[in-house]
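Letters A, B, C, D, E and F mark the chains as written, and numbering starts fresh at 1 in each.
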Amino acid sequence: MSEPDLVDLERIKVEILLDAPLVRRVEAAAERHGLTGWTVLPTLGGSGRSGRWQDDQVTGAASKVLFITVCNREKADAFTRELSPVLEAYGSVLLKSKVEVVRPGKF
Amino acid sequence: MSEPDLVDLERIKVEILLDAPLVRRVEAAAERHGLTGWTVLPTLGGSGRSGRWQDDQVTGAASKVLFITVCNREKADAFTRELSPVLEAYGSVLLKSKVEVVRPGKF
Amino acid sequence: MSEPDLVDLERIKVEILLDAPLVRRVEAAAERHGLTGWTVLPTLGGSGRSGRWQDDQVTGAASKVLFITVCNREKADAFTRELSPVLEAYGSVLLKSKVEVVRPGKF
Amino acid sequence: MPAGLETLLSPVILFFILGALAAAVRSDLAIPEAIAKGLSLYLMAAIGLKGGVEVSQSGFTAEMALAALAGLTLSFLIPLPVFLALKRIGRLDNINAAAVAAHYGSVSVVTFVAGVEVLGSGGLPPAGYMVAVLALMETPAIIVGLMLARRGGNGQVHAGNGLLHETLLNGSVVLLMGSFLIGLIAGKEGFAPIAPLFEDAFRGLLCLFLLDMGLVAMRRLRESRALTWRLAGLGIIFPVINGTIGVLVGALIGLDTGSAAALGMLAASASYIAVPAAMRLALPQADPGLYLAMSLAVTFPFNITIGIPYFVFLATQVV
Amino acid sequence: MPAGLETLLSPVILFFILGALAAAVRSDLAIPEAIAKGLSLYLMAAIGLKGGVEVSQSGFTAEMALAALAGLTLSFLIPLPVFLALKRIGRLDNINAAAVAAHYGSVSVVTFVAGVEVLGSGGLPPAGYMVAVLALMETPAIIVGLMLARRGGNGQVHAGNGLLHETLLNGSVVLLMGSFLIGLIAGKEGFAPIAPLFEDAFRGLLCLFLLDMGLVAMRRLRESRALTWRLAGLGIIFPVINGTIGVLVGALIGLDTGSAAALGMLAASASYIAVPAAMRLALPQADPGLYLAMSLAVTFPFNITIGIPYFVFLATQVV
Amino acid sequence: MPAGLETLLSPVILFFILGALAAAVRSDLAIPEAIAKGLSLYLMAAIGLKGGVEVSQSGFTAEMALAALAGLTLSFLIPLPVFLALKRIGRLDNINAAAVAAHYGSVSVVTFVAGVEVLGSGGLPPAGYMVAVLALMETPAIIVGLMLARRGGNGQVHAGNGLLHETLLNGSVVLLMGSFLIGLIAGKEGFAPIAPLFEDAFRGLLCLFLLDMGLVAMRRLRESRALTWRLAGLGIIFPVINGTIGVLVGALIGLDTGSAAALGMLAASASYIAVPAAMRLALPQADPGLYLAMSLAVTFPFNITIGIPYFVFLATQVV
């Protein structure tokens, strides 16, 4: 198995921490931008400028999830550019980092 | 505490999203490759080429987990090379990224 | 939206896998170091030099969580330098990696 | 007022106090979120069913329609004075005042449930249709709240296409109304085989849920940064005034003592399920720490311990 | 057919319909996965225990052995015609046809439980040993399904060392059989102290589980891309034919009316626990969206609402 | 000893054995952690309430104070010989010996609960105040354990400011004591409405919890690397000796048969909630795999199956 050019394998992982009820809207945005996939992880709690929170499924007002998607640089930038103002209003956190994927065609 | 050479501290984080029932097999492969440790995280749902899914513990057919292991570049490549065909069949996602560790001897 | 200098946007993501009862102490350390925020994720299980574990909420002795904080390089180094001896005693894992943030002022 | 004291010493309330004390001394006692959510769903199914079964016995009456109309009207009107008080006395900005006001116009399922327990054990059970009134009162205040927020000149109300849908089809509304209809269809006979779970086990499970609510309420109180003394005071004055109005309206439209007291409890209570979730979506700039602290950490404990006995007492006087 | 209508109006079925409707209108009503899994384990323990206690009263009989043999045979044979129909009429490839066929050869615990409820309330309780038949019928079809997939010339069947072990020691099989044995050992007297949970609360908890199943089934139906009209049609024809055969076989081997109807329900039902998990492992190329949609979103609702009353009716005619 | 055999064949113990067997054959049977934790909290609330209600009937007595004193004393003293035996015979280092010793000085709630079931069904219910003794015995051994670890010259005991607080206000202690007080205040009348959950459903829910404990115990036994034959032997000898001493002390201070047997069970049992969590914090170098294997995988199964019947038998002989 000869190693293909590393740059070809490089993609961007976008991680967004956001309020659980917002997920539907971020998914809609992801579809609009042609992202092929994403995964959502649960959280337990955290702390930020707007105070502390603990997962709270009863009121639903303090449940956050981590939305993760891997794609190429252009899509990642376009996607996060659209989301930024919304996420700012919601006090969410958005991170990008470089990852290497095995089947680059998939992302 | 004088900073040691950064390169010495660099390791590869391998992240694999896979069906929960498969974890046993990936763990066996990890042991075969001499990986010293791994951690498994839960997920809530996601979407990909094969459609959407939501965590579903009753049927067990749509529960996925995130398997994470940190090791050096060679082990990471050997490990993922062995797993790739299996994971392809299962439609899993495999990512690698660079991380800096504090106690490099551990990994 | 003109792209600002990339270096300005670069921050360090610190990930610490640790025993759930320890979270309070790590949070206290984070506050002491002026970190503005963090997030805690659940885990399902794992394996390391000290053996295997599975999430176990009844005894509470084998519940681990993933503590994540994003900050600049200096804070990250100071924070992890303070925590290192404690975490070593507890057999925890500490990783650092580079991430790109959207609103750098926040971190 | 020995009836009030007796209420305070019932296990249901004592478990709430135990939870609050445990959180106050920072014990690590915690109920898993999945269990708390499960208990919350169970309670809604159980009271929906019981209400429906009762209405299947009593049939539909004019009184019922009047009670529904009264509930809806209260739910639409209560946010208005609450909004003004929050701005003038509480010194909140438009957005936060509107968000909190929506909570007080809506209702708290557990306050209602605890009140029904007290009324039932005192021989004054409210009519079964009050459950339907509860369900009707859950959402209108959300719309009023959003209108108040908009009127304040704030363009950033995210009330997009999805919101109305998400509000009206909120899980708690669907489950309450659905269980009510199931109870109505199944009737007393159909209910009998499921009564061991939904009736006999009800008070015990309510104890466990209130243990969790005590933990949650006190933790919120401790961690809240936004709660001022003025706001805490309002969180007590609102239920007293709204509840009194509710009881009086109930008496005026001819409800029986138990139902009038229950209408008072509904008016007095502040939402902790449907509204917080809707506000988080529609008014993201509003501080959830603030509205949850007022609703869960001030008004809810007040109602559970003092409000309920007072509304019962008032209803026995005016009906 | 008033008995059928009555069944449809029992709270157990109404909660299933409520869940389906809530998912259809995209309500955010959701039961935490841990609770759903807990309810599923509870139901298996409860029916295992009840079956065991009944057999401890009745003793082992030749009829029992016959019923077990009939169940096993059905479980081995049903996948074959189903596989052909899926390929010819449903236009599936070998792998997907084999995976779906395995589901129809196996059984659905909740369909059985709901059917036993209907039979019991109609005065026709099936014999206790039918629980053992249920457990026996869970796994054989998995093996047949894998053989069909292999025969299709596909080398990628991951049936490695672990699979047989994982299939035979599947949690649901172990819990069902284990509880059956515990019921057998404990007998009626030993069961009495745990009857409040495992008997009295049973129907209520079944309501909550079916609420979740309604949500899950409808969500699957909505999100499934692979389900064609042809396949949906097969998902209704399969239970009708398989169930009819099951009832007739039951009558033929001399089972009582209730047990024959129950055998029909087992034959008609499609697995939603043991088989999906096994197929995900052994036939990863098969589409889980497809087999879960057919099993959970088509056949399960059909059996719950129409299939069960039909099998009961048929059994009363032929036994 | 037919009473012992009968105990072994009760569903409660059989579910424990089922769980252990399922884990032994590596079945994937698993109870969600949230459910297991919820069951654990329920059991503590239930036995706290029952104890409190009983004391509300019997009133406070000198005997009660004596039992409390005996329990506290045992809890402080038991770790000392256990520590020495672990070092000399078990060949553990100071830190690990101290951590394990703390477990044996403390108590296991489920062992107590299972023992009370056996005593109750045998017509020898222990006094209600034994629940308070149980709560008192949970934490003292933690302090003794830390002192032993320090004495061993190890500076790395993280017993910082927080630890005493975290230990004394451990969730299980707060819930047990709180429920005891609620039972005391509510009395028999106040308890009646919540009895269906906390009394009738108790044994059934205990079955489900013990199913989980069986799974957990056997999985620990299988995965433990640190457990030697010597240590496993000690894990059986400790409960025999400590329990015998407990029963004798109970007889000596004049407790009734049931209470003396219960004191024996408390002395014999090893903590699996409060102590592991505290040791993980205060003695991080101690191996949790070791102390949980001894406590959960050796001593707990021994007590549940053999220890309890033996202590009952012994108590009937000496009281």
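Throughout what follows, a contact is a pair of C-beta atoms (placed from the backbone, for glycine too) under 8 Å apart; a residue touches a chain by one contact, two chains touch by 3 or more.
If you're wondering where the values come from, they're calculated on a predicted model, not measured in any experiment.
Counting steps between touching chains, the shortest path from chain D to chain F takes 1.
Although chain B and chain C share one sequence, what matters here is the overlap of their interface residues, and that overlap falls short of half of the numbers used. Chain centre most remote from that of chain E: C (centre = mean of CA atoms). The greatest centre-to-centre gap from chain B, using C-alpha centroids, is found for D.
For the pair chain A and chain D, the distance between mean C-alpha positions equals 35 Å.
Computed from the mean C-alpha positions, the centre of chain A lies at a distance of 18 Å from the centre of chain B. If you average the CA atoms of chain E and of chain F, the two centres end up 40 Å from each other.
As a whole-number value, the distance joining the C-alpha centres of chain A and chain F reads 46 Å. Residue positions of chain D touching 2 or more other chains, listed in rising order: 28, 32-35, 37, 166, 196, 200-201, 277.
For chain B, residues touching at least two other chains, in rising order: 21, 41-42, 57, 97-98.
Within the complex formed with chain E, the residues of chain B that make contact are 19, 21-22, 24-25, 50-52, 54-62, 86, 89-91. By the touch criterion stated above, chain D contacts chain E in their complex at residues 32-35, 37-38, 41-42, 45, 49, 165-166, 169-171, 174-175, 178-179, 181-182, 185-186, 190-191, 193-198, 200-201, 277. Those residues of chain A lying in contact with chain C across their complex are 15, 17, 41-49, 64, 66, 80-81, 84, 87-88, 93-98. Only residues 33-34, 36-37, 40, 156, 158, 162, 166, 212, 216, 219, 223-226, 272-273, 276-277, 279-281, 284-285, 287-289, 291-292, 296 of chain E touch chain B when the two sit together in their complex. Note for the complex: chain C touches chain A at residues 1, 13, 27, 30, 36-42, 65, 70, 97-103, 106.
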